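Two complexes are shown next, each including chain A; its partner changes from chain B in the first to chain C in the second.
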Partner chain A sequence: MVGGFFQQSSVYMPLLAIVTAFVLGGVVIWVTSGSLDTVFLAYEGLLRGALFKNRGLSESLVATIPYIMLSLGIAVGFKAGLFNIGVEGQFYIGAVAAAWMGASLQGVPAIIHLPLTVLAGAIGGAIWAAIPGFLKARTGAHEVITTIMMNYIAFRLTEFLISGPLRDPNAAAVQTPRIAPGAELWSLYAVPERLQDPLNALLVALIVAGVGFVMARWALPRLARRQRDEGRAALLNSALAQAGVGVVAGLLAFAALPALTRLWWPFTDQYDRLHTGLFVALAASVGVWWLLWKTTIGFELRTVGANPSAARYAGMSITRNIMLGMSISGALAGMAGMMEVLGVSICRCLPLFFSSGYGFDAIAISLLARNDPLGILLSSFLFGAMRNGADLMELTSGVSKYIISLLQALLLLFVAAPPIVRWLYRLRAPGGREESATVTRGWGGQA
Partner chain B sequence: MRKTIQSVSVLLLAGLLAAACAAPRPAPTTGGQAAGAKLRIGLVTDTGGVNDKSFNQSAWAGVQKAMAELGAEARFIESKQPTDYEKNIDQFATENYDIIITVGFLMGDSTAAKARQYPNIKFGIVDYAYFPTEGSPSCDQTIKDCYDDGGLKNITSLMFQEDEVGFLAGVVAGGMTQSNVVCSVSGMEIPPVVRFVTGYQNGAKWINPDANALNVYIPSFIDPAKGKETGNSMIDQGCDVVFGVGGNTGNGGLLAAKERGKMAIGVDVDQYETYPEVRDALLTSAAKNVDVAVFDFIKSVKDGVFKAGVNTANLKNGGVGLAPYHDWESRIPDSVKAKVQEAINGLKDGSIKTGY
Partner chain C sequence: MTPALQAIGITRRFPGVLANDRVDFELERGQIHALLGENGAGKSTLMNILYGLCQPDSGEIRVNGRPVKIASPHDAIAQGIGMVHQHFMLAPPLTVAENIMLGQELKAGPTRVLGGLAVLDRRTASRRIRELSHQYGLDVDPDACVKDLPVGAQQRVEIVKALYSAADILILDEPTAVLTPQEADELFVIMRGLAKQGKSIVFITHKLREVFAVSDRISVMRAGQMVGSLAPAEATREKLAEMMVGRKVILAIDKAPAHPRQPLLEVEALRVADDRQHMSVDGVSFHVRAGEILGVAGVQGNGQTELAEALTGLRKAVSGHIRMGGRDVTRATTRHLIESGVAHVPEDRQKHGLVLSFSVRDNLVLCAYYKPPCARGIALQFPIIEEHARNLVRLFDVRTPGTATPVGSLSGGNQQKVIVARELSRLLSHQADPAGPPPILIASQPTRGLDVGSIEFIHRQLIQARDQGAAVLLISAELDEIMTLSDRIAVMYKGRILDTLDAATATREHLGLLMAGVLRGDDAGEHAQPAQQITHGDVKAS
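Right, the complex of A and B next:
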């Protein structure tokens, strides 16, 4: 049913927006450079830089990882009716918290240290986001204002921490100390090597088995419901079977892991920076989808987001859900910052001026994907690839890489205003329910 | 059909509008492969970018000179954030550039890692010297000289004795101050900046023992607003000569001095040329000739006399020095100029120490 897939306006509208943006961007390049060849040279460079050059794809993915996490954070907020512009600040706080936790313990094996550091990043971001959440729930202060202000506090606070209490006294540069090896996020290339340490192998086995267990607990009862056979249904429903299936699935996945990472090898070498945070981002995406659409918590969040009055009438706590929505949003953003420190930064530390607007790009990404967790994977990759390919584009064609910002702005414009695209391509608005580009309702008032 | 034409014309119009807003860039030079023996140079700037009116801009000027005089072909990439350094160097390396120049102390580790990865490319790094220290990520073996024995056979460090020219700037400031308070608005506390500031403070005290020297390190090179704010608060504390040390952040300090009718001293390049807005206030600039060092480095590669190791530019070899006084030529008393000359001689023969 490919045709049916493309007939959904949530699929063809972003695609048309992308195409239109690139065509218009091409016109801009054509006019500014005065030659049509430059347009093709530029887009060829962009494509090669983003995908086909040596390490091109993996660098695109390196940029995609924080985009996924941050735009997931924004999406969770949107669904709960919260416009969290503060993900950039939460990203910073998550990074600082992870840098602190990563460096303050030494000689602790990864099986303890890595989860602790990941948790530190998530909690840091969550706390930073919970403050505006609390202010909104208690005083009605609009989160757009408070999160923007919290961003500046976060920037200055991290500057202070990096150049003050957390500064590495032995480094000439202003940065935090290098994190302990136990807290590093492994590069994909190094996974087989890391797994030779039995404790590391145990950590991975536990994670994978845990994921398998959760999946089995979710899938098996659904399977059981379809069974006419009472006995088999009871078996599928038993916790023992669920645990068993989960562990077996986990062990199989674990055994396949080195082979999976080896699959990546033809594209890479030891200098490849792609790290295991990719799996975290993919898992987070599925996790957010599951949380929002398959759990009671997600239902409450979405209800509060869609209609706070109805939610209150139904007995849901607005305060609790706003706090929760913001905290989850912030935790995801904090984990993005954590992964940049643990996986990407060459000093495996936090230097000054860490991010250059990942969090603000993420707002556009989330909008492009219409806050759909799986759509976010695709649009994050689009932005990551553009960001990465832009450098080679500039090298080969001389077109400034800032043209990418123009493309992204056009893209956003077309996504935010579907009538423009519809009018250009003479499409009819889908009958019945109009897909809504509303990102947040009103200023204050509700909640 | 009419509607199609309408749509297309709207698209074109919007494109033209957007194009009018986008600044035109220099057209690309001829394609790489066809050029054959042309030397290809890549420059990776720090977050300041090539229009920072000081340090990165000066490095790019050196590369441009090489393009004109040595027939080289060159491009630059501006780094957006520290995690991009490696990626940006890699862009040039995978495109088979012959020379990669990285600008700034902060790129030390990334440059070392990439130099090890690409032993056939010649690297030049401004402001970072690799010292053989155990456990240092850039020079991780305990060996005599990590340039030759440690695998960094393809890096030349372009270093500057900023303390010497900072000292001279301090002499000018200490000689010109009415309030006996001089100050510096500095960027990140990294060795090149610290050298400038230390020299400046000691220079001011050398000519004027009563002088009080204030300094604030701002953890950024790209924050003119904060530089200006800091400059203003130091002027409030009585400072009447502001030394801006730190790219765009320092420029904010210069602007504060100009607006408040105080004196200012520029850094890295002759800022009379690069930052005309503050000309009225600008006594001089503590210049380090990054452009000359970069050009000489490129030339050494071109001539086949490349040598790994540290190249230090100082007063003696003319690599650093005070810029002309320009508008202040007639207003700076001869006694101060004589003291500056005395300091130059003293620093050259070693009888005066900068205290760094």
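Right, the complex of A and C next:
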């Protein structure tokens, strides 16, 4: 093992788990197919399908996006001591809410409609998750049970809504109406075209300004600390400078982006489904990291999750934090569902048979990432790539694509039980008190 | 004779600390061997290594002269080593019997095998536990739920658990930290009995009185090294203290007479129920004035815990009144009380006082994280939090590799110092602000598990806080601590305050009798009224 980075057990343990899972998976393929060649053929197909075939990488990323959002949701819950198994249901409700909001307004420009629809998805998921949160806070009903039950309610409710009140009367298939163009999440291919509309350019400029402002707030004080000249340091530290950076970035984006993207844009394949939700997912993981580790809200959530008695001692409200943790978790999951409708589904609508299974994989992803937002980006990509590469693997090697589930299950096993990996590689347990993967607390006496 | 247990050249390094540095240790058969050392000296680490909870980087362990490898507690138990940990290792939702059987379910004895399935035989286990507790005078109820038991009783469960596994070598890591002096004395009788039967015992403590009371041999550690080993006859308190700290320690503490002013904390006819709806605080009235320390003496489990919880908003009062700085706060939330000036050193440090997985610096702002200067809006201000932590770590001499170290990896005494540092610093910041909230400190067992040097330091801090006008309610099972620090002493027995004495004239014997409930307040001579009315009268008089 080289370098300090890889000497952290939070880094090398998941890596070892991945390697071990693939090796064991290979053994299974070898045994079942009877030939060692098949193993290499299969993994080669998996890799090619996931990365190198035409649109391979972007399809992997398309699957990565909901994984990121859902596992962020689960991670927020975990940190607050809540095992939100219900992300799948919240994903559904977010999707329905977004489909409804997206289709019920027509002719509204994206600058208004898109944020509204995103919000609808988030709120839908948040409400769905807040119900088990409320039950837990008030009655002590364990969220593992209630969120699973809420999943089934969500599935059936969605079916009812799609085939009843929200059904598109003009479509042959049972599905919701196509959402208005203003509510669509743009595919990357369509960005240059979209930007020709000044209102859309304004929307992008506002987002760029916001990002610029946040980055300036982060970077300028650090620059200021290195300045020797006091006047300049004060200037860099001023709110004016930070706002200035944001405004300038926004203005530049507004003025230059439409023309620039016209001149040159890397996404030229009109069948490429990769969409701007990728940026939303990246922003969400930075946001979750910031919320959990840099704010008082995250401090409270983590305290309640790690030691509710100490949280009470410190004057925190357990009830409030359970509700809040569940709501944030559900909002992220709801946004995942929203993005599937607004950005991915071919019909830009919610069809009746809308089964994802993303939510359950996401539990494995956040465990693999140990609830760390950066880790979640990487693990989500791993799962997205496996999900996407599986088809080509089956095609080239004849190995069933469900072997992916086996790989993921092995991975989960090794991640959840580090002693197995340690034993396999004869590693010593880390010195400190290990951050135990407290998945959930007991059934009784919650706060 | 070969020693029962021998450690040779044990070395163990943790990130940033050398916890054990070529430590040699020898335990003779039938010996009670006291192990002393400052907080963080490496005592628990050495014991954890002997019990297989932690692996040494190098060194050798011999049991009865044979080199052995102890890779896990399982191996240790197989070698006849049992351990009672500094922090409880019990599963709170399970019963006492289940906890004791835990990990030993499949050993011969209380399991029956039914068609290939091992069945837990709770009845036999309960019986054996009753026998053991009878035999050694350790009062435990096998069928009680551990989470309902007070700390003292949980400690007894731990000891019974070690005895239950039929260990020949017993490691007791600060077993008396949570016991009252009477309970400790009972434990010593048990330990003597065990030693007579040929069992060997390692006994870690910070209390020099106990060392002389029970040990056959004394070893002292300092900063990861074994400083020396001597017989009790060669030792004096001063010598031991000096070996531990590396310099002379002043064991006595002098304090100026108190100048109490207006009452800051007033409690009137307070009744508080415990989890089982039993009135554990049953009509208590008292007051604490600015600039004085009121000690609450009493055998643990007489309502002190519930009293402290009621005063800090963690438990709702059934009836009665609590006033702080003249305002009624009976129904106030914990957050409100924190804001209105109450600092609280909780009795159970790992349950209430700390978040073990959080860093030292985060734990130091556990009650202040949400307001300036620690936070601006919702954004935590890390440079300020870090500076705050550095200051307190330095001031309170918390032995830690850094402020980012998880508090759970500090030694027990240093964990306690983190809590005391946080709460005293809040108190001081209140005092610094004349328009601020009334400074009130509720300190439950503030020096539990601290070494002599640290106790001395914390005591000075408490007296200093008093002299600067804080009202201090000191709840302690240590009669010595109560007597050195308090200006007045209230004795609690069965949820009531039997009497409140002037500390200058109170004697150990008198207090002891009151604590045992033998003497009632009205027998005390100086007061002719029943206990309750006396304290009532006190409130009105002031």
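Criterion: the second predicted complex is superposed on the first by the 402 of 447 C-alpha atoms of A that agree within 3 Å, B and C clash if a C-alpha of one lies under 4 Å from a C-alpha of the other, contacts with A are read in each partner's own complex, and residues count from 1 in each chain.
Heads up, the rule we're going with is that contacts are C-beta pairs under 8 Å (C-beta built on N, C-alpha and C of every residue); 3 or more make two chains touch, one makes a residue touch a chain.
Keep in mind it's a predicted model, so treat the numbers as computed, not measured.
Peer 1: So, does A:S309 touch the first partner chain B, the second partner chain C, both, or neither?
Peer 2: second
Peer 1: Kindly classify A:I297 by the partners it touches after superposition: chain B alone (first), chain C alone (second), both, or neither?
Peer 2: In the superposed model, A:I297 contacts chain C only, not chain B.
Peer 1: Specify the partner with more touching residues on chain A, choosing between chain B and chain C.
Peer 2: B
Peer 1: Between chain B (first) and chain C (second), which, if any, makes contact with A:T139: first, second, both or neither?
Peer 2: A:T139: touches no partner chain.
Peer 1: Given the touch rule stated above, what does A:N388 touch, chain B (first), chain C (second), both, or neither?
Peer 2: Only chain B; A:N388 stays clear of chain C.
Peer 1: According to the stated criteria, A:Q196 is in contact with first (chain B), second (chain C), both, or neither; which is it?
Peer 2: Once the two structures are laid over each other on A, A:Q196 reaches no partner at all.
Peer 1: Which positions of chain C touch chain A when the two form their complex?
Peer 2: Against chain A, the touching part of chain C is residues 13-15, 55, 93, 147, 312-314, 333-338, 344, 346, 351-358, 362, 366-367, 369-370, 375, 378-380, 382, 406, 408-409.
Peer 1: In their shared complex, at which residues does chain A touch chain B?
Peer 2: On the chain A side, the touching residues are 20, 23-24, 26-28, 30-34, 38, 41, 49, 53-55, 59, 62, 159, 162-163, 172-174, 178, 271, 273, 340, 344-347, 351-356, 388, 391-392, 394-400, 402-403, 406, 410, 423-426.
Peer 1: Quick one: which bits of chain B touch chain A in the complex? Just the residue numbers, please.
Peer 2: It is residues 3, 7, 10-12, 14-16, 18-19, 22-29, 42, 47, 75, 77, 80-88, 90-92, 94-95, 105-106, 108-110, 113, 117, 137, 188-191, 217, 219-220, 222 of chain B that touch chain A.
Peer 1: So in the complex, which bits of chain A are touching chain C?
Peer 2: 294-297, 299-300, 302-303, 306-307, 309-310, 312-317, 428-429, 431-433, 435, 442, 444-445
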